Each structure stands twice: as C-alpha cells, then as structure tokens.
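Some notes on the structure that comes next.
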Amino acid sequence: MNILVINPNTTASMTDHIGRAAEAAAASGTKITAVNPAHGPVSIEGYFDEAMSLAGLLDTIRRNPDCDAVVIACFDDTGLDAARCLTDKPVIGIGEAAYHFASMLSNKFSVVTTLARSVPALEHNLSRYGLDARCARVRSSEVAVLELEQPGSNARQKISAEIGLAVTEDRAEAVVLGCAGMAGLAADLAAEHGLPVLDGVSCAVKMAEAMAGLNMRTSRLGGYAPPPAGKLKHAFGN
Amino acid sequence: MNILVINPNTTASMTDHIGRAAEAAAASGTKITAVNPAHGPVSIEGYFDEAMSLAGLLDTIRRNPDCDAVVIACFDDTGLDAARCLTDKPVIGIGEAAYHFASMLSNKFSVVTTLARSVPALEHNLSRYGLDARCARVRSSEVAVLELEQPGSNARQKISAEIGLAVTEDRAEAVVLGCAGMAGLAADLAAEHGLPVLDGVSCAVKMAEAMAGLNMRTSRLGGYAPPPAGKLKHAFGN
Amino acid sequence: MNILVINPNTTASMTDHIGRAAEAAAASGTKITAVNPAHGPVSIEGYFDEAMSLAGLLDTIRRNPDCDAVVIACFDDTGLDAARCLTDKPVIGIGEAAYHFASMLSNKFSVVTTLARSVPALEHNLSRYGLDARCARVRSSEVAVLELEQPGSNARQKISAEIGLAVTEDRAEAVVLGCAGMAGLAADLAAEHGLPVLDGVSCAVKMAEAMAGLNMRTSRLGGYAPPPAGKLKHAFGN
Amino acid sequence: MNILVINPNTTASMTDHIGRAAEAAAASGTKITAVNPAHGPVSIEGYFDEAMSLAGLLDTIRRNPDCDAVVIACFDDTGLDAARCLTDKPVIGIGEAAYHFASMLSNKFSVVTTLARSVPALEHNLSRYGLDARCARVRSSEVAVLELEQPGSNARQKISAEIGLAVTEDRAEAVVLGCAGMAGLAADLAAEHGLPVLDGVSCAVKMAEAMAGLNMRTSRLGGYAPPPAGKLKHAFGN
Amino acid sequence: MNILVINPNTTASMTDHIGRAAEAAAASGTKITAVNPAHGPVSIEGYFDEAMSLAGLLDTIRRNPDCDAVVIACFDDTGLDAARCLTDKPVIGIGEAAYHFASMLSNKFSVVTTLARSVPALEHNLSRYGLDARCARVRSSEVAVLELEQPGSNARQKISAEIGLAVTEDRAEAVVLGCAGMAGLAADLAAEHGLPVLDGVSCAVKMAEAMAGLNMRTSRLGGYAPPPAGKLKHAFGN
Amino acid sequence: MNILVINPNTTASMTDHIGRAAEAAAASGTKITAVNPAHGPVSIEGYFDEAMSLAGLLDTIRRNPDCDAVVIACFDDTGLDAARCLTDKPVIGIGEAAYHFASMLSNKFSVVTTLARSVPALEHNLSRYGLDARCARVRSSEVAVLELEQPGSNARQKISAEIGLAVTEDRAEAVVLGCAGMAGLAADLAAEHGLPVLDGVSCAVKMAEAMAGLNMRTSRLGGYAPPPAGKLKHAFGN
C-alpha cells in the first residue's frame, strides 16, 4: 500500500520529520511518500497561510496519482474538501484523524496547538466535522510551528503545561496535539500526564491504511463531484 | 494482532456471518475471534434488547482478556461506554466506526437500518457522537434482523429501495448499512447505486487494527475510569 | 394511586431513604412502593454500574405490574428507554424530572453530583433530553454515593461548596442535586444559598402523579414499541 | 391548592372552555380560578397579538396574588418570562407543559397548531426550552383559534388530518395540540390515531399542582429577579 | 431617507442621547426622528420592563408611518417580532445589528451589558438569531441603565474592566456594548483595548440605511403576516 | 467611498455584470471598482474551484489597497477568512451579506443556488456563520454559473420553480439567490412570488457602505491577525 503524505508547507526539514513519524506509524507493507509543494508558505499558521498553500497542495496531489490514499499533514486539514474533489482515493487530514480517534477513546478531549491565530480555524473544522460537541477546548501553547524544529526551544515544556490545564480546567479525558511538528512528543507526554495524547500524523496514516485496506472511495455525488476535465486542464496546464 | 469481535445477541449463525465478514476485512496478520454471549436476546432490535444483552456482553469481554482491541458487532453500539470502563484496550462499535468513515468520504450520509423501532436508538448515538450533523436521515427498511439470515427473503430489495430514496430525497452522498447482518451486501449495493455503501463490521475491524496498531488506550480519567475491584468481583463473581 | 419507586442498586438502606423521601413528596392518596433489585451493584457510579443494574431493574418492573407509574430512582436515569418499552405506564427518571422542573424555575441551572466519573453520563442524558441548553455545568462534589448514607461524613459541606461555585462561576439560577441519596438535603441548602435546590426523588414522584393523574401512556409507536412476547418470555423466563 | 389559570385573550367563552378543561384535569383538592384580562386581543395568533396581550396578562397576575401557581393558557406561552419576574409562585405555560410531558412519553413528537402565522413563535419557544431537539415538526391545521369555538366547523377533521401526517411523514411518536381551544379533542384523537395526544391546559394544571405541591419557587437570581418596587408601582399605578 | 429611532423607555434624556448617536452615524441624506412612548417603564432591564414597554412601542410605530425604516433602540431588541408584523418597512434592533456586524469583523465576540438580570434575555436573543455560536460570553458590568446618564459615575471604568476580561478570559476578538446608553463610549474603548468595540445605535442606523436603500421589505408570509384590520383597530382604537 | 468588488473567477463578462449590479445598489457617493484576477477558474462551482481561485483573489486585494471596503462577489464567500487577515478594511462576502439581511426580514429563508455540487459549501458557510438555524434549505436549480450569462437559457424559469418549492415545501418566508450571476433577477422574482428575494451583490455593497461608513475595522486579534511581513513578501514577491 502506498500512502502519499503531503506537508503543505515548503519546509523540507519538517517534511522529513513528518515522513519519519508516518513511517514509524505505518504497517510493514505500507510505503510512505512524504512530499511538500515547491511553492507556498514555509509554515501554516492561520487562514492566510492555508489559502496560499492550496494551489501547491492540489498540484502535488495531481502529480502523485500512484497512491492508495492521501494524508494532508497540516493540523488545520488544509484543502481537505478541494482535495477530495481531485481524487477518489481516501484523503485524510491529520486534524480530523486525531479528532475521530480521540472521540473513541474519551468522552471529551482538548486540543493543544501552536499560536492563538490558529485556534479559530481549528474550532471551525471541529464544528464542521460535528466533533466540537466532543472537544472541551482548543488551547494555544504560543509555540510557533518552526520553533518545534529548533533544538533547545522550550516548546515541549509549554505544551506540557497546557496539557496539565486541559486536565484540570477542561476536564479533558484525552489530548490531541495540534500541529504536525509535534509528532514526536505524544508518547512521552502521555506517560507524563497519564492520559491518551494523540499525534495527528500517526493517526492519519493508520486511518488511511484502514480506509485504503477496505478499498474505500470518496463519494463522487454532490459536494465532492470531480471538476470537469476542462477545469482541471486549465488549472494545471496539462 | 488479536481482535475480539462480539456479537451481543445469541444467534450463533449470525456470529459466524459476522466473523466471516470480519476476517474478510482483516489484515493478514490479524486474528479474529468472533463470539457471542451464552445468554441474552436472539436479536437486538431497540432499547429493550440492548439492555438485556449488556450483562452477557460485558461478561464476554471480561472472559476474553487476550486481545488487542474489542469490536462490538451490533449496529446500536450496545454497551459501548460500559465496555470502555472494563478494559483499556480500544473498544469500537460497528455503528460508530461506519459513521466516522462515512463522514470522511462524503459531506452527508444516510443510514439504512432494519426496523422503525431501532431508529431512535441510532439517532441517539449519532447525536452523542456529534455526527448527527453529518447524517441526513436514519431510514428503516422494515427488514427484521433475523430475516437477513434467511435465504429467499426480499431483504436486499427493500434495502436497495431505501438507498435509492436516500440519494434522491436526502441528497445523501454515502450510505451506511445499519445492521451487522447486512455485512455481505455492501459492495454489491455500492456498485448498483454508484456511491459508497459502508458495512459496520469491516469498518470496525479496520478501525480496531488502526487503533491497536498505534497502541492506543482508552482514557482512564473521568467517565471511563475503571470500576473498583470490589465492584468487578461482585459483578462477575470472581 | 400507586407509584413504584425503584432504586436500581441493591443497598436496602438507600432504598429506605429514597422511599421516605418519596413518601414525603407524595400526595395523600398516593401509595409509594420502594423496592430494589435482588442482584446488581451496591451503588451506581458511572456507565459500568448502570449497565450491570439493567437486568435487575427491568425484572423489578416486570414483577410489579400493579402500579400507575414507575420512578427510576437513580440520577443517571438508568434504563429509562428500555423500561418504557416494557410498560405503557409513565416511567420517569429522577434526573430528568429534576431537569424539567429546574428549566421552568430558572433560565439556567447547574447540577451537583457525586463523583467525576458520573459526570459524562449525566451530560449525555442532558444532551439527549435537549436540556443541555439550559444546564450551565455538571459539577462533581467528590462525595461517593454511599458516603451520603454515613453519619458524620462531610458530604453536605462539600455539596454546599459546589453550590456556591455554581452561583458565582456558572451564574446558575437554580441547582439540581445529582444523586438520589442527597434527597434530604435540598430544603436546607436552598435556604442557605437563596435559590431553588431540587431533589430528583421528590420531583419524579410529583411528575409521576401528574402524568398518571392524566392517565398518560407512553407511546407504543417507534422506539418504545413493546418487545414481542417471545422476547419477553425469553428474557424473564416466564 | 389554588391555581390561577389565565386565558390571555379577552374571549370569555374561551376562558370558560379552558376553565372546564382545567377543572377536569385538576385533583380533588385543587381550586381553579379561570380568568382573562379586561383589555387586549380577542385571540392570540402570532407575535403581534402576543405583544398586545402582555400588559393585561401581567396586571391579571398582579391582581390575583392568592394562588399557589399560575397557568398561562395560551399555547405560545405568552409573557412567561415576564410573569416569572412578577411572582415567585411557579408559572407554567400550556405549551411548555405539554412539550415537557411529550418528551417523557415519546422519542419525538409533533405539534399541530392553528394558523401558519403562529408556527415561528412556537418554534422559537421550543428552541428556547431546548426541546426543539425532541420536536419533529410544528404543523399548522389552518384552523383559526375562534373557529374552534364554533359548533359545526370542520376544525376537528383538519386537525385529525394533520395528526395523520405527523405519524407518517414526521415519524412522530406523540402529538401535542397547539392551542388552548383544542382542549376537548385530545382523548378522542388519541384513540383514533393510537398515540399519545396531549392537551396543554390539562398538562399545565398537573404541572402546576406538582410544582406547588413541592412548594417550589421561581428563582429570584438573574433573569427572573423581581423588578424594583418603584417600577411595579409605576407599571400598575398602585 | 427617514429613519424612525424608537427608544422604548420613557426617559427623554436617553432618547436625546440616542438621537444624537443616531445622527452622528447617519449618512448626510438621512433624517433621524428619535422618539419614545408616552407611557411605559423608565428603563428596560430584563423581561418585565420589556413586556411593559411593548404596547407603547407598537403604538409609536403605528403613529409614525412616514419612515423608511424603524430602529428599536433598546439592546434587548424589545418587541422586534411584533413590530415586524405591524409594518413592512425594515425593523432593526440595535442588539441584532451589532451582533451581525461583530460576526463579520471577528471570529468571536463578547457582549458587555448593564445588569445581570438582563443577561438571559440577551442570550435568548443571540440563540434565536443563530449568533450564539459566534458570541463567546454575555457579561454584565453591574452598571444600571440610568447610571450611564449620570455624570461622575464610574460606569465607563466598570465597562472597560469587563472588556479587558472579554479579551483575556473569553478570547473575544471584538466586543459589543450591550446598552443604548453606552453609545458614546465605543470609539474610546476601542482605542484603549485595541479591538473593535461596537455600539448598537450606530450599527442599527447603518443597517437601516442599507436595507431601506435597497427598498427591502419584511416578509408578509408566515410569522410576520400583518394582523387583520379588525385586530389593529381593536388594539389602537382607530 | 471606494468599494472594491472582486469577482474571484476570471470571466470578464461576469465581472461587468456584477459591477453593474453593484453600481445599481451603491449610494451616490460610492465608487465601485469591479475587478477579477488574471488567473484562476472561469467559474466557481464547488470546493475545487474555490481553492484554485484563492491566490488570485488575495493578490487582487493586495494590489488594490485604496479602498474602504472589499466585497467578495462569489456566493460561496471564497477566501473570506484569509482576506480578512490581509486587510483591516471590512471584507464582506455576498453570501454572508444576503444571509444576514434575510434573517432580519423573515423567520426562515431558503437559498436557491446553481449546481448540486455547490450546496455543501454553502451549507458549511451557513453553519459557520451560525445562520443555518435560520435557513430552511439550500436548493440547487441545476443552472450552471455561466448559463446565467447566456441569453435564451431557461435559467430564470428553473430558478423560479425552485422559489415556488421553497415557499410550499420549506415554508420559507424569504429567498436568497445563491449566485452572483443571478443579480439581475431578484426584483422580478420577488414580485412574481410575493416574498423578499435577495441578491447577494447588492446586499454586500450596502453592507460594505454601512461598515465603511462607521469606519469599522476587522479585528487584528486572534484568527484574523495579519500575517508577518516576511510571509506577505514571500507570498506576493514584493
């Protein structure tokens, strides 16, 4: 099984980081291809970056047709709906994958993400998926995305502090880490706080394996109907 | 990986049917153990049957500790919350698994279940999971659970007719089959109607593999805290 | 008028306590029969206890047909839906009765219950009844159910402290006591805090009198349709 | 026990009709005082009539302090919130009483009211009470309020037709009659259609008896805080 | 263009204050007529005052037919639905106007109003408009309406403190001032706190200009259907 | 006042059409600048087109800083959140403007849009704005966007038929036309069907005038915080 894991920002070191997390989660027969677009923002923090990464993200899907499922490895599930119009392979966002699993492990979960500016986009997604009813709160740790790539930052400490508050203030029974760059921290933080801590990258890889394993296909009726050929050609120039 | 698949009713032929569907969905390294309680209702159709099957269901979980995940193979996700108190292994209901996947393949899905008396319990679950926002309608086909086991019944025909209405009246983009006994019909009905048709048993097996594959554990904080040892002993007599 | 009041746990002293509270609330012509099942958990604290008490609870209803209404005297409204399939007499949970009355006495109320593990089940019920929109918060006092039966415990003090917080933090205009065992405390706490404090047992008895007084019957259409005779016989052995 | 039943319109024949329905529902020790304001609209059909009846309604409450509970006998629960500021006795609307009972007898109910213009006000109330989640649909029968008072109208027939549609189209398990003037029709229509049919007047009388029987008081905190004495004097001139 | 701005309380100094705020907001070609009823409460703080002001408010609309739009200048949008039955000119409440604008300037806003007793009515409105999803919290500053008219009160200071809490505790991105009497404070408080602070009076005037400028008319179908002529005559005596 | 009206697709004739509709709605002192991006899809019908138009749309905003407000003239409110990060001038979508006005003219409205594939994106927006509670249904007329530009198509007829169904089936009290290309049809259809029919382009122009007239600014806190200068430079190359 081939899973295409797209980091929609252009920071190659983060793509590597995400690729390694994806491989660690994948089953033995699964091949992970981790890529990022050539053009677009270096990190995705809020609505503007999201919008500016879409053309590159969709072009990346278009250029990589030989896969069984696609993972969008940005926690705001960048371009998820548009991507589902472009391929009938399952397309899974790392945010949504983590939310769905968390809702099957706990009565209520909280999210700990990076910056305050990213919070409304995540709340928006949760409401759209219906899972806002299961999310106690989306918390920001005030750790910037690329700070997570820097050795010696106190990112882990800030994130851990927010997890502590999620338990005491939100009565969260599980915590979702709200950034692809936090992939390596989950196991350790779970042990520290004694509750499930979910990382979206590994969640999405397993969700993709599950869906591709059943040969599931995105619906072609209604909102995910494929664009007419002329529009595709116009968009991608071939 | 070992997955315990529990049919909470006592009809052994249905357990076999479910077991075969589970095996067909399972990865090569997954061992399926399909069981049913010794005592309880012969089919689960509505709130009363659900309640009367719980003691047997929970006892079955208790007697089968050597598994990596538990699937509850009744579409009303019988006893899901109580089961999650009893083990920290992932416990997945076939209803919830299908709803979660359907919400990642379509903007809106409908459910086609058995009898009208079962509809409110499913609506209740959807609302509890937050996924009522994504479900267009729960439809009954007026096919009794055990009728699905009878060769020569017109069950398939009635179910297909409701799927047709789900597309035209509900504008559903995908359909979930609302009974473990419908497991064999999904692929064929999907081809007939040209949209994703999901069977809960295979969905739940893949969801269980995914969660166990990441070594996920049900939260022990809050609502799923394990009962005190004295209560367990009192409940199960050992 | 005869009202069957069922304590679904097996602690007889608590059944007596509940019976006395029910009698204190009942009209002069109302006969209260307070009973508990022979088998099942000694207290109901969360999803597991709830599930394990259902067979005993339903059997108790079956064995006591000569009543005009049934009260389920556990605050999580154990088995309410299943019980409504078993009899067309009104069946009222003490939780729901208190929530309905509180929503007619205040714009917003809070609940003060026993342990944190019981909170999600109550939140689940409130959402199912539609009354989550009127409930500011479900608070746990960390008083175990049976602690309420012990003279000399500081249970009252802990509950009073939570009521204080419900007023200042939740802006609750009324408080519902979230355990049958708190029945005796309501009047005193209401006087202390200057707002309505509702006890579910007395609420449910009056609701039962009201409904039976109008000769109301639970609907037999849809989700509360009675189980077929064969299933009843199989369940109860006669 | 004394219950003040206020018909907020000025049609005396309707007040008599309501008074008789209230007496039929009342317990033997309950005294019903059915009154209507001297001034205001002759019937309440929609938002404008509602608004124009408020001063008369509130003045009527003010002039009748010797009661144990107040029933507002118009199905749109005219002035309910304002009335609760004016007295700490329980104040119950006939709409809300019927909705609360219906939600304890069925999974889902529909309402059959008079004119289309009244529907949004009832939908608004249901949403405010939280019970819109339990109401399948508010239907209008296109029977004007005062037509219900006319012998020989085909009002009953139109209402019955809508109940039929509530069962087949809305899958309602119970029906609430949405006008005080329909009080006499409930039993007969219930028998005809084989499901609970609730009349708000009798529901509200029993709810009032229940609440007064427990000596319940409307909260004086927050939204129902009593107006300052100066404002009361200014409003009522004494 | 002529806009009728109605202060539904009878305090003339407040009508002047509101009129000046309306004129400051109005376009050059807009004529503002600020009026108040002859009879009714001196201030509107909660449900009772609201109810007692309705007859005067509606009569005022009736007596001023020569306008292109009506603004109801009390923050609880007193009588909005009834007013829309009485005229097909656009009728805009100052609360709703501010909420609609705030939801187009921010992801989430908070409201800072006067007394705690007014909060539930505002929450009720927000839920009715659908905009509760966008409102983080309705806060009371414990400033009485008429205190805002008194020079030397510390009203501004209390309001500013609540705005500070709205930012830090509610994560509000904008704030709506919840009283017509706060009209003059918005610009200054916006500058102080660095976020949009909206005043309902100016919002409603601009909304009225916009709607009248497009010649919009309130729907005459359904809930806002005009009352029959007989009822109008009966209500207003001519 | 200068209002920048952006048609986010690249069809110049449609931009002209939209520009004329905007000018017809604008006040005498308002200057309309109607533009479209140089690159992107020729029409926006669903999620894919939306995504592919974003870079062009945002670049267009960036290149036109001399305006007092921005209108996004595509009914799915393409890129609204991202645009609000890019400028603190009010940014108004034609969909949202029409929904907000419709909710102040009616208790419930329906939307009549172009193709079925566009419906979920509109439903998603309505839910995000909170106005799904006020929208009875989003209907598709199966008229493609560019068909609206073709003389002799039967587009008007199909749209009119859906409006008829919105009244009879949805009980809608107003109708919103769900495409910028329908701008010219509103007045005529309103007269034909006897209810308010709203066109988004004129609604958004008036909303923009209103907001700019009050010198409103989009919040810079939280989700609409402006991107760092480095990201802007990287995105737009200057």
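Going by the order they are written in, the chains are A, B, C, D, E and F; count residues from 1 in each one.
Convention: a residue touches a chain if its C-beta (ideal position, glycine included) is under 8 Å from a C-beta of that chain, and two chains touch if they have at least 3 such contacts.
Computed from a prediction, not measured in an experiment: that's the story for all the values here.
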Chains contacting each of chain A and chain D, listed by label: B, C, E, F
Any chain that touches chain D and chain B: C, F
Most distant chain from chain A by Cα centroid: D
Averaged-CA centre spacing for the pair chain E and chain D, given as whole angstrom: 30
Distance between chain centroids, defined by C-alpha means - chain C, chain E (Å): 43
Interchain centroid distance [CA atoms averaged], chain B/chain E, Å: 51
Residues within chain C bordering two or more other chains: 107-108, 116, 119-120, 127, 133, 171, 222-224
Chain-level touch network, classified as line, ring, star, complete or other: other
Chain pairs in mutual contact under the definition given at the outset: A-B, A-C, A-E, A-F, B-C, B-D, B-F, C-D, C-E, D-E, D-F, E-F
Partner chain A, residues of chain C touching it in the complex: 116, 119-120, 123, 127
Touch list for chain F against partner chain A, complex: 41-42, 46-52, 54-55, 58, 79, 81-82, 84-86, 116-121, 124, 127-128, 222-225, 227, 231, 234-235
Chain F residues touching chain E - in the complex, by the definition given at the top: 25, 27, 90, 92, 96, 100-101, 103-108, 129-134, 167, 171, 173-174, 194-196, 198, 202-203, 206-207, 209-211, 213-214, 216-224
Chain A residues touching chain C - in the complex, by the definition given at the top: 107-108, 133, 171
